[in-house]
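Right, one structure below, let's go through it.
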Amino acid sequence: MVKETGQIASNTNVSLFITCIVDSFFPRVGESMVKVLRRAGVQNITFPENQTCCGQPAFNSGYPDEAREVAIKFLEDFDDDRYIVSPSGSCVSMVSVFYKQLFENDEQYLRLSEKISGRIYEFSDFLINVLGISNVGAKYSGKVAYHDSCHALRELGISNQPRELLRNVSGLKLIEMDMHDACCGFGGTFSVKLPNVSTAMLQEKVQCIIDSGADTVVSTDMGCLMNIEGYMSRKSIPIKVQHISEILSITN
Amino acid sequence: MLSKYSFEEESNKALNNKNLQEALINTTNRFRSARNKIVSDSDNWEELRQVARSIKEHTINNLHNYLQLLENNIISAGGHVHWARDSEEACEIIRQIAQKNSVKKIVKSKSMATEEIHLNKSLESHGYSVVETDLGEYILQLSGDRPSHIIAPAIHKTKADISKLFSQKFNVPEYDDPQELTSIAREKLRSEFLSADMGISGVNFAAADTGTIAIVENEGNARLTTTLPKIHIALMGIEKIIPKFDQMGLFLKLLIGSATGQKISTYVSLITGPRKKGETDGPKEFHLVLLDNGRSKIMSNPNTRESLYCIRCGACLNICPVYRKVGGHAYGGTYSGPIGAIINPQLEGIDKHPELPFASSLCGACKDVCPVKIDFPKVLLDLRRQVIENKSKENSRAGLIEKLSFKVWKGINKHPKLLQLLNSIGYYMQKPFIGNNNKITSLPFIFSRWTKTRDLAPIPKKSFRQIWKERNNV
Amino acid sequence: MYNSKEIILQNIKTALNVQSDGEFNPYSDFNNDEYTSNENSSDLIEEFSEKLRAVSGSVEMIKNSKHLNKAVTAIFDKTDSKSFIGWDTEQLTGLYKILQQKGFKYTKSTRNDLQAKCDIGITLADYAISESGTIVLYNNKIKNRNCSLIVPIHIAILKKEKIVKSIFDIITTISKDYSTLDSINELSDCITLITGPSRTADIELILTLGVHGPKELYVLVV
């Protein structure tokens, strides 16, 4: 089984789609992801250096033309046969699901979108469903509550993958918190367009994390985690906030 | 709708209303867990949803045919059918029926469509006495209030509020026991039912092939409304039609399970026309009023057409993290929650509700629970595009700033070197905003809306692409 | 001059981009019978009773007509009831005679206000649904609506063979009954599905019974 998995990994070519938030604000998340991929046996990893954004902020705000220009650039930047792996369910869903809506009137890019949707993966989904690996040899002593990011869960069906990976982390106790699949209130520009509603949603999410008894909250998306961490930091709540790649990268 | 209505302002009010917050949590939690149980007890819920959506899609795509079929069958059954292009016409049709029959008192059972056309106001201004008979609606009528939830319209009222209200209106002591309060309402409304000349109801579903309408309820007031008075008027949005009677089981199961988590409601009435010859009760006349009021306009946009599949169950309200915090009044229209966010702008105009399509984090939970699988996020995105298109015609300052921001955003994201430069600039420019805990604690302009309640992690010196470049000597 | 109907239909056709009034095929991909269970009614009595009791309805098994008379009289005594209205069907004539002999008043008036003053309404149940504890009543000129609606107590007599499993089963049953009719005019103008006494939770989500419909429901299964 290990041999098989190792063979899959060593034969897998990966392009990193780091995402604008991780690139600018949380590069350590990208570094962790690369570390885990290497440990899992993926040798051929590239970073298409022209990459920027998938276009989602403009698409979600009602500016399809601007979104399209940036999305076309994305399709060009990642135009090859390689797997694309990303530390964000939200950004992956933009490409694999919403590009079809964005380009519904443009046959050429619609076809490209359909093709690319078959090879772009969120990180935990890639580990489990492409590499066939559920134990990456990580260690973490802590009680972890997992927050289901909305797009990862509802557009990509990501729910079991991160949980399985976390369960196999030595020393980690996975806790299922109340309303684990409720929105944290980020929603991109929503968080600044309706900040009071956003904060009220966030308060409820944080309360669920606290009530679960966890000392760490983990998710697949830095948008959510940035939101959660921002509130916890302001309120001096000592619960750690970690991206799944960060937890999985810890070996001692 | 208030002339200077703002979703943000209304939602702020709602967030500060402690009673409302408690009521919203209790109500939505209760309905949500009841619905979850029905779904988990069912072994084919997903299949039923898909089938229902297919039927609705087909129905809306052939609506003109089904409406004609429905009319034919209702007339065969001895009923009358009227067609109303808009609210005014619907009210006018109903008033004319009332006038023709020398009606004085009207009893009503719960109907969102009658709210939509502001029927009570119209009838009352013409001298008719209109009595709401659904307990929640009755309470709202007595207090001059508007519904805050599709299924449980008076959840924002406490027991104490209601007790005081009844005491004031009926000159009785302030009872604490809900059973006692209910008994008072029963008695008061019973005399209204017995003296009413006309009953007005809504319609949950209408089967085109038999002319049968279905009315779902728990109290029995709809049965009384559609039995005791000599005239029954049923008001129905044109989209409530289903092709065949034999699909009733499917839709009743989905509606009731999704709305209240019951296997079935206390009463389901399947009504086909007025009383028949020789019968001693039931209305002598049955009138179905078909309401367009913007629905045919919604149909002309294929991206938002599925808004019309809605069967008005309220499940989307109960799961929506935004609705659960702001309640129904914030949506500034007849409908609230996710369904309100998509149809209020489409029925009343995008210019009247430019904020509603943005009153959502696009989490998609509504899509998961909708019994007819309406893709709310897709519809919301289309409406957002429409709002922005409209805004650019208006040339408002805020609109221009946002438009410019996205043009700048686009420019930056088309040029990675520019993005990198911006990162570096940002790293230095953020320094004055970083607080003692090594986090950004305040920011200017729109970003202050983030930092009001949240810290922000500062931009690190090196971005990922820089680190990668250095590590790989690229 | 166009009337509203024509305008609305035209608006719909324009919105749908319908070019011509082609042939119309009503939806036929759904077959309700695929969702029915066709379970034997004798297996369903227990479920029916359990579900109806769960929503505060009363259920009693009746052995014979003597037992029926006794059970109904007991309900009158228990609820301190004096008067009743009832379906004018020949199956119930015997019962009404017994009740009148015992001194209970049988109102045959068709006036709503007089009927509303009565204590009990007696009907049959045409069918029942076991999965929800529901009874199904067809109305016609001898089976009126008020008997199960306008009075505070409703007694329904149900033949156990008439119990079906689910809402899908009842739709099949009703459709079958419809198909035996000569014309759509003969459809019962009101078929009512009744599940327990009337209820509401509109006041702070606290459940109260007997809002507008009957406060008590007794189903006697024969």
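Note that the chains are named A, B and C in the order they appear, and that numbering of residues resets to 1 at the start of each chain.
Quick note on the criterion: a residue touches a chain if its C-beta (ideal position, glycine included) is under 8 Å from a C-beta of that chain, and two chains touch if they have at least 3 such contacts.
As the structure is a computational prediction, the values presented were derived from the model and not from experiment.
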{"item": "Identity of the most central chain, Cα criterion", "value": "B"}
{"item": "Leader among chain pairs (count of C-beta contacts)", "value": "B-C"}
{"item": "Rounded Å distance between subunit A and subunit C, as computed from the means of their C-alpha atoms", "value": "54"}
{"item": "Centroid distance [mean C-alpha coordinates] between subunit C and subunit B, Å", "value": "30"}
{"item": "Residue list for subunit A, restricted to those that touch at least two other chains", "value": "none"}
{"item": "Junction residues of subunit C - those touching two or more other chains", "value": "none"}
{"item": "Interface hub residues of subunit B, defined as touching at least two other chains", "value": "none"}
{"item": "Touching residues on subunit C, where the partner in the complex is subunit B", "value": "3-5, 7-9, 11-16, 18, 24, 26-27, 29-30, 32, 35, 51, 55, 110, 112-113, 116, 129, 131-132, 134, 139-141, 144-146, 149-150, 166-168, 170-172, 174-175, 178, 183-185, 187-206, 208-214"}
{"item": "Residues of subunit A that touch subunit B when the two form their complex", "value": "18, 20, 22-28, 30-31, 47, 49-53, 55, 57-64, 66, 69-70, 73, 101, 150-151, 154-155, 181-183, 185-188, 190-202, 204, 226-227, 229-231, 233-234"}
{"item": "Complex contact set, residues of subunit B against subunit C", "value": "23, 26-27, 30, 44, 51, 54-55, 58-59, 61-69, 71, 73, 76-78, 83-85, 89, 133-136, 139, 152-155, 158-159, 162, 178-179, 181-183, 185-186, 189-190, 193-194, 208-212, 218-221, 223-224, 227-228, 238, 243-250, 252-253, 263-282, 290, 292, 296-297, 299-300"}
{"item": "Residues of subunit B defined as touching subunit A within the complex", "value": "7-8, 11-12, 15, 321-322, 325-326, 357-365, 367-368, 378, 381, 384-389, 402-403, 406-407, 409-410, 412-414, 416, 419, 423, 426, 437, 439, 441, 446-447, 449-450, 452-457, 459-460, 462-465, 467-469, 472, 474"}
